[in-house]
Amino acid sequence: MEKISIITVGGTIDKIYFDAKSEYEVGPPNIEKVLGELNLSIRYRVMPLLRKDSLDMTDEDRSLIYETVEKDPSDKILITHGTDTMVKTARYLNNINNKTIILTGALEPALFKTSDALFNIGCALGALQAVEKGCYIAMNGKIFPADNVKKNVKESRFENLKGNLS
Amino acid sequence: MEKISIITVGGTIDKIYFDAKSEYEVGPPNIEKVLGELNLSIRYRVMPLLRKDSLDMTDEDRSLIYETVEKDPSDKILITHGTDTMVKTARYLNNINNKTIILTGALEPALFKTSDALFNIGCALGALQAVEKGCYIAMNGKIFPADNVKKNVKESRFENLKGNLS
Amino acid sequence: MEKISIITVGGTIDKIYFDAKSEYEVGPPNIEKVLGELNLSIRYRVMPLLRKDSLDMTDEDRSLIYETVEKDPSDKILITHGTDTMVKTARYLNNINNKTIILTGALEPALFKTSDALFNIGCALGALQAVEKGCYIAMNGKIFPADNVKKNVKESRFENLKGNLS
Amino acid sequence: MEKISIITVGGTIDKIYFDAKSEYEVGPPNIEKVLGELNLSIRYRVMPLLRKDSLDMTDEDRSLIYETVEKDPSDKILITHGTDTMVKTARYLNNINNKTIILTGALEPALFKTSDALFNIGCALGALQAVEKGCYIAMNGKIFPADNVKKNVKESRFENLKGNLS
């Protein structure tokens, strides 16, 4: 199996806590440490690209991600991304037709005991090996096509456009 | 999306520790608690079928699993299973052609801080929504067809028959 | 043994993360949940008094804590408090002579996998049963008298006034 | 403050899980790793002495522990020990009059997410800095004198001889 490319752009999944300033900031990509401890049987490389809260992500950032994905030698791409604008980035990348792209992230920082990060990364990697080419979001245990997904902020959950469980 | 059926048959993933006896036993399925905390957007039911260390699993047990999968109303089945004979059970279930079946488990009990359980379950659920009908094993981040997988006991890792990373 | 009173006033130990706002806030006291799971052989009550980042704590807040400690029916008092002004509050409470008062907290939120909260609470409770009357800080594994302790912000560690390990 | 000596003799606190054999065994002392991550302000050394399930501990083992404590240059000694015979060892060491000795351990292995190990070690270290010379057990949040403690196996909790909370 070819090597999977993992591109990290920031988001809650990589939020850390600074005592001195008592603020969370986006730290280095947690996925490298997480996967390194799991003794995986897949080959992958991690490429830290941005380190942004997703609310701060600009059109220039999305262009950069687009170009990075296009130029990447692999055609299986996992992107860890903040959840608030993950859908927007997914739709933007949906124009790339010759690769399989899955975006994931976390609703709680990976450093939290109850974080969904490890589960979401697993879910994304499992799907990445099986779905057809195109762009998807893997969140809340479900693989969503980029054109049929929204974040339900109130419920803190990703859903299909017509609502959960549809 | 139809409801996914999750059948649990025991294994390391569900090992718990009894202080009074200073030993472990296979406890109730951990997956129900784990998924319940994740606020998922998929529908599933958990069916506890057996509670066995996989080394103790008999041909009768495998027949029971086979029949349970065949009769199950869902055609997407996740099975949590001990790792030592997971490959044997997967090959046995590989004769079922009209369903998607994925077996997973854990190399460390789900109650351990460093367990691979949550990641493996995510990986299996992600693949279950995308792979073609047939029987697979989701372990160590990889989706293996039932007829091309072995457990490398020394490395504590699942691999293709011709070795890791092939 | 008499019942121990646990007064919570906020701080990093109780920081939680709101995904919707991409920021943290001081949540309800974590110590009640933590101790409730530990099957303790001591009797205690938890009294949530304030829910403040310690940098926001005012002289009025300190007066309130002082009066609450004085009026408390127990003479063994544990206080969970933010770390940035814990020393200031400890010196203030050091004027109470007829009780044993120990302040503790955490340098990482209790919800973090690597938090020092559980260890610090244990350390404070162990000392509370043995030290003479007076006011102390239990942090970084050490029991400091209120008049011989400082927070070394750079090292993120509490130390004696003359430096660590003295 | 003088350096604390930490002597490890095994027990549940250090139980690990071997997948190949599907058995828990007593591994290397977990306390060294745990304390190393906590950035402590106390000085200590860890001395791994035995690696035994406490049910397997013999009179020779207890003699060895006794001699090791007596010869130790520190007069503040923390011992991590299995819980089933911790009381027996504590009574044996109670004949040493010129040192402060505290035994602790865990009812769940330290590698478990819900282990009491970190809390118990904190509790023991907090008390070690404050109690009078003598031998004690620190378990379930309480500091017990060696001659007034029993393990209530059914409740999986240490108590005074006359029962819990007395």
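Read from first to last, the chains carry the letters A, B, C and D; within each, the first residue is number 1.
Following the convention adopted for this analysis, a contact is a pair of C-beta atoms (placed from the backbone, for glycine too) under 8 Å apart; a residue touches a chain by one contact, two chains touch by 3 or more.
These figures come from a predicted structure and were not determined experimentally.
> What's the farthest chain from subunit D if centres are computed as the mean of the Cα atoms?
A
> Using CA atom averages as chain centres, what separation in Å is found between subunit C and subunit D?
Here subunit C and subunit D have centroids separated by 25 Å.
> Please report how many Å separate the Cα centroid of subunit B from that of subunit D, as a whole number.
That gives a centre separation of 38 Å.
> Using CA atom averages as chain centres, what separation in Å is found between subunit A and subunit D?
Computed from C-alpha means, the inter-chain centre distance equals 44 Å.
> Name the residues of subunit A that each touch 2 or more other chains.
Within subunit A, residues 107, 113-114, 156 contact more than one other chain.
> Connecting every touching chain pair, does the picture come out as line, ring, star, complete or other?
The chain contacts form a single closed ring, each chain touching exactly two others.
> Which subunit A residues qualify as touching subunit B in the complex?
The touching residues are 1, 34-35, 37-43, 107, 114, 116, 118-131, 138-143, 155-160, 164-165.
> Could you pull out which subunit C residues touch subunit A in their complex?
On the subunit C side, the touching residues are 12, 15, 17, 19-20, 22-24, 53, 55, 83-84, 107-109, 111-114, 153, 156.
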